[in-house]
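First the structure, which I've put down as structure tokens, then a few questions once you've had a look.
To keep things simple, chains are lettered A, B, C, D and E as they appear, and every chain counts its residues starting from 1.
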Amino acid sequence: MTLLSPEEWQAVALSLRVALWATLGGLPFGILVAYALARWEFPGKQILNGLVHLPLILPPVVTGYLLLLTFGTRGPIGSVLQDIGIVFAFRWTGAALAAGIMAFPLMVRAIRLSIEAVDPKLEQAGATLGASPPWVFATVTLPLVLPGILAGAILAFAKAMGEFGATITFVSNIPGQTQTLPSAIYAFLQVPGGEASALRLVVVSVVIAMTALMLSEVLSRRIAKRVAGA
Amino acid sequence: AANAAEVTVFAAASMKNAMDEISARYAEETGNTAVVSLAGSSALARQIQAGAPADVFISANTDWMDTLEQDGLIDTDSRVDLLGNSIVLVAHDPDAAPVTIDADLPLAEMLGEDRLAMALVDAVPAGIYGKAALTSLGLWDGVMPQVAQTDNVRAALALVATGEAPLGIVYATDAAAEPDVSVLGTFPEDSHAPITYPAATLADGDAAVAQEFLDYLQGPVARAAFERQGFTVLTE
Amino acid sequence: MSLKVELSHRFGTFALDASFEAPQGVTVLFGRSGSGKTTIVNAVAGLLRPDTGRIAVGERVLFDSTRRVWLPTHRRRLGYIFQDARLFPHLTVRQNLAYGRWFAQKAGRSEDSARVIEMLGIGALLDRRPGALSGGERQRVAIGRALLAQPQLILADEPLAALDEERKSEILPYFERLRDETSVPILYVSHSPAEVARLATSVVALQDGRVARQGSATEVLGDPKVTPLGPGGAGAVLETTVATHHPDGLTELQAGGVQLLVPQVQRPPGAHVRVHVEAQDVMLAIRRPEGISALNVLPARILALRIGDGPGALVQLDVGGNLLLARVTRRSATVLGLRTGQEVFAVLKAVSVAKDGIAGRGILPR
Amino acid sequence: MSLKVELSHRFGTFALDASFEAPQGVTVLFGRSGSGKTTIVNAVAGLLRPDTGRIAVGERVLFDSTRRVWLPTHRRRLGYIFQDARLFPHLTVRQNLAYGRWFAQKAGRSEDSARVIEMLGIGALLDRRPGALSGGERQRVAIGRALLAQPQLILADEPLAALDEERKSEILPYFERLRDETSVPILYVSHSPAEVARLATSVVALQDGRVARQGSATEVLGDPKVTPLGPGGAGAVLETTVATHHPDGLTELQAGGVQLLVPQVQRPPGAHVRVHVEAQDVMLAIRRPEGISALNVLPARILALRIGDGPGALVQLDVGGNLLLARVTRRSATVLGLRTGQEVFAVLKAVSVAKDGIAGRGILPR
Amino acid sequence: MTLLSPEEWQAVALSLRVALWATLGGLPFGILVAYALARWEFPGKQILNGLVHLPLILPPVVTGYLLLLTFGTRGPIGSVLQDIGIVFAFRWTGAALAAGIMAFPLMVRAIRLSIEAVDPKLEQAGATLGASPPWVFATVTLPLVLPGILAGAILAFAKAMGEFGATITFVSNIPGQTQTLPSAIYAFLQVPGGEASALRLVVVSVVIAMTALMLSEVLSRRIAKRVAGA
């Protein structure tokens, strides 16, 4: 297609990859944290809860800067990870990390709300039938929470598709490596005459996110119908 | 270089158009690739402080370059003042008559109740220069409460372009290309510190390729491209 | 294996303080609504941790507050039929039924699922989800789910309340078979005198969170001093063996020294059958009556006579070594001059005994 | 006011196709689990829109598929007691009870809430939330909530299934009073023969989504050809008036040409009382028996004799103008030589009649 | 307190006001839209759903720019509103609008998830007792959804406290009028050596948001306990 330049297609592909990884990579943690916040009592619970919300409260630049300080190659975590071969700084993985962290509060809240809505009586029923807590989680809670997980995932995906401030601050805007759609849009908006190009990219971004949204709605409706019985 | 090399350039986002053109020509001519990462100067400088794999840095102001120089992150010898720019007063009204910008400019009256759009006057270069100019002309105190600051100069331009603010202070480079604003006048060069875009190769980068690209930026192709975008080229 | 329960717990103003021992077989918990039945069952299931107490099944201690023992629910090997069905809404009926087996230890009893499904009449529902079931269907699936979990302890909280009589009479024999053929203790909550009489090996009557009375079914139901199930509940339980099957559809049972004719019981001669005879189904006669439709006219001796404030009287009888209760009016007691030690005849219709006292018409209890 | 229902609806493989008319009073819907009772009640409530049909209460058309009439649920002025209690979990018991009154039109019957609360025994629970109630308590609050909504149509889906016998006997008279003293039609789902016999003005028997039989309670229960409630359910309903109260706690009832002695009925002489006599509580004698405890020995004539495949036989009797059913064994029928037209005696224990056939001991039915 | 300059205190106060209004002002719409998405079927439902998510997907600058175009004094809606005395441009109200719109998808999703978790059988019970749909909503659905509303509100509040890109693009940064905490933080981060100053503001911002978060947790727990029964 001639709608976009090869470099822009690269940005589209990268954005998709980043958003997918941010979503899928964040999901296990999101589910775990949501479950802990919804069902467990432990010291430091409120601190965890606060931490999770932090990326929402902080201006994205600050989040990006903090990421740069900790996960950069010279940062305390980044340097350790580098030794075992995991590098976030100035890689697409870093963009995924930034997007994932920015999207995390949204994901956790959606999943947590769904977990809180699961009737503990059903989980008890699972236990009486011999399922240990992890099994109860896997066979009762998780399936019932699927709509919430889906909602959390789609929120995270949308957020990751749109995330820009933390990403560009953390991993810069290197075409082919860390230039996602939003950073490309940003760059266009910084110069005269870039609006039209920016608009094209905005449209692409919106189309992708809307497609994902629509899919999630269809899926979620199917799940709901199953449970309602048919 | 015989082998195709890659040079990573961290450049202020306002240089996008010129850098796109220059890097394309550079690739054609040398076979090397220039990867240009465009972002705010502060973000880029911090990334360099954090060990970014950049070879060349072009800042939109001297402060961040100075900071990196103090940190020993740039190759001091390579530092050049690459580009210059000027700031102008723009208006939304296409028929507005040009004015002379000096201490007598009735800026407050021109604004009336309305806003003067600028970039952040304490943080973003265009805003800092603008504030300095207004201050040296003795106009700042009269308009200060009416200044609407944005996080970048393009957003200030947009405020004027949409008519939300009747007047604004932006770079000449931005004003020239925006059909919905008219330039009322240019601020005197001596009313603010010189607007320069310093460039340098980075201490940790690939020195040879970096210097080659930096030289290319000072060559005729680049000069033409920069001038097309309205920049003043400061190197010979 | 017996179940020993001893616990106390507070819920706001409600205080539970109950201790009882449930021998092998079915222990029926009964008591009025709100008397603490579900609370006890939940404690046994490990869904509620009582303030203090001790719960043990055979040698297995499930809970002991003094020794800080607390076996989590999933390791108690239960089959809990909840008062509300609690089916998994996201699983089909088939998956709900299979759920417990998944986690069952190999050691457990392997129950034939096809047979349970047939007994419960849920074969046509297997691919549906609980959302598309009627109330009774849901309850039946819940019963199946618990029974198929290969439990070592069955907890049934009013399992048959939502079912029609016919369905009940098909499911009850199954519980009887569990009681008679396995060593799995069954804790069974029920409000129905018929179910109590028919199933209970032992009975625990609760009142306001306390055990008002407990004992074997024969004892509790045959005691004229307690009619814990209300006036409709008094009755005696006879332990009998099948003597012969008559060609006209009657079965002759041997109960100590007397014969009892009842509608066909589908068990082989020699089989053990318990018969519940409600007090109000027993008529007394001072002479052997002739020309009446009642087939069982049994010589009896009055052991005790309890005349209440109301119009009725309860008479405890010795019938060939068995205890039997008869409920008559005070007027009859006076007119007939009933007194302790008197020899009378107990008149018993065969069909009354059949009503719900022994196995119904559904699947055969073997 | 009568309720006319005529509807057909499909649910996957289940097809409902029922039409019946429920006259003023209590119409009991019964049928096996899954026969479509709740579906019908939901359609009447407007919670389910049938594929086609028509539903009307008196002149008010609630639904008419041909005329595209569909009155939304909230304007149907219902009191629906759900099979699952469905209390509002965020409201206290008191608020749950008051909920309906809020929306009730001034025109409705004003029910005395203190009285309903006392009858249901939920006075101590008023400040709790449903989460802290036992199963039976929840059900009782649900009954109260529906009754206090000043309904013009009561729908009760197995309202008493979760309750103990004593509680049932306290609540049943309330429904009787509603039946006898108001014109509110009551559609009542029940599996309990006793409740059917006691409450039903009219009976609708469902089978697989179709009406298998419908008619007045006397007709349906007194017909030896149908024993729709299973063998335990056959019986006759006698309409009687209170004649005198005897000092020994017995009440004499007048039923056409015969007197019936039953344990005290707390209604004044002249009051109308319906009595349910189960077929298996009636014994037949070919001579008047002497010296027996049964107080009611009534001359009777055999109207019909139905001998089934099993060991039993059903005998329809004319007793002083009333229809009565007796269940005897085939053997007795043969031994006694029973035949249509024969004059015999129906022997009936006073206490059997009292069991659940008439008002219990709870609050007085007036 | 000397921790912050008077101008910074002003920014704190303004941020609070903006976040509160963004949250409270958005709530009625959020509840309505969430209910519509959860329970109604109507043409254009997917479009509404997409629109709601748009601010999440778009880079904030784009959202800000679109706001400027529509709600600016020259914009189609802005000019109409101006005639009836409602002005957003360069006012804190505009900042609240921008923050509210940015927070809207988060709010709607949380509330929608909670509405979807309400058992329709309870709503049916309300209807049988004579409550018309709006009354059922007010007396049954709404109280049961309170935890979700609270969750949505706190997400929105946190987001509004951190929102910056769309706000500054739409209403710019006028000290005392539209200068919120995040724009002040951003400004500090643009100049070398501004980190310490930025940090002070970040701390203030985090403290405020955490306090709100904690309060919402306490409240939500109280609601949950009530419903569970005690």
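The rule is short, and it goes like this: a contact is a pair of C-beta atoms (placed from the backbone, for glycine too) under 8 Å apart; a residue touches a chain by one contact, two chains touch by 3 or more.
Per UniProt, the chains are A, E = Molybdenum transport system permease; C, D = Molybdate transport system ATP-binding protein.
This structure is a prediction, so every number in the text was calculated from the model and none was measured.
Shared contact partners of chain B and chain C, listed by label: A. Shared contact partners of chain D and chain E, listed by label: none present. Comparing the CA-atom centres of all chains against that of chain C, the greatest distance is found for B.
Seen from the C-alpha centroid of chain D, the farthest chain centroid is that of B.
Averaging C-alpha coordinates per chain places the centre of chain A 20 Å away from that of chain E. Centre to centre, using the average C-alpha position, chain A and chain D are separated by 60 Å. With centres set at the average Cα position, the gap from chain A to chain C is 56 Å. Averaging Cα coordinates per chain places chain B and chain E 35 Å apart.
Within chain E, residues 61, 164-165, 186, 189, 230 each touch two or more of the remaining chains. Residues of chain B in contact with at least two other chains: none. Looking at chain C, residues 12, 84, 128, 132-133 sit in touch with two or more other chains. Of all possible chain pairs, the ones that touch are A-B, A-C, A-E, B-E, C-D, D-E. Touching chain C in their complex are the following residues of chain D: 11-13, 30-34, 37-39, 83-84, 121, 124, 128, 132-137, 139-140, 157-158, 161-167, 169, 191-193, 229-233, 246, 248-250, 261, 263-264, 280-281, 283-287, 289-295, 310-312, 326-334, 336, 347, 349-352, 354-356. Partner chain A is touched in their complex by these residues of chain B: 8, 10, 13-17, 35-39, 43-44, 46-47, 50-53, 152, 154, 173-174, 176-178, 229. On the chain C side of its complex with chain A, the touching residues are 45-47, 72-80, 82, 84, 86-91, 99-100, 102-105, 128-133, 145-146, 149, 155. Residue ranges of chain B in contact with chain E, taken from their complex: 40, 42, 45, 63-64, 66-67, 115, 117, 120, 122-124, 145, 147-151, 155-156, 158-159, 162-164. Across the complex, chain E meets chain D through its residues 121-122, 124-133, 135-136, 139-140, 143-144, 226-230.
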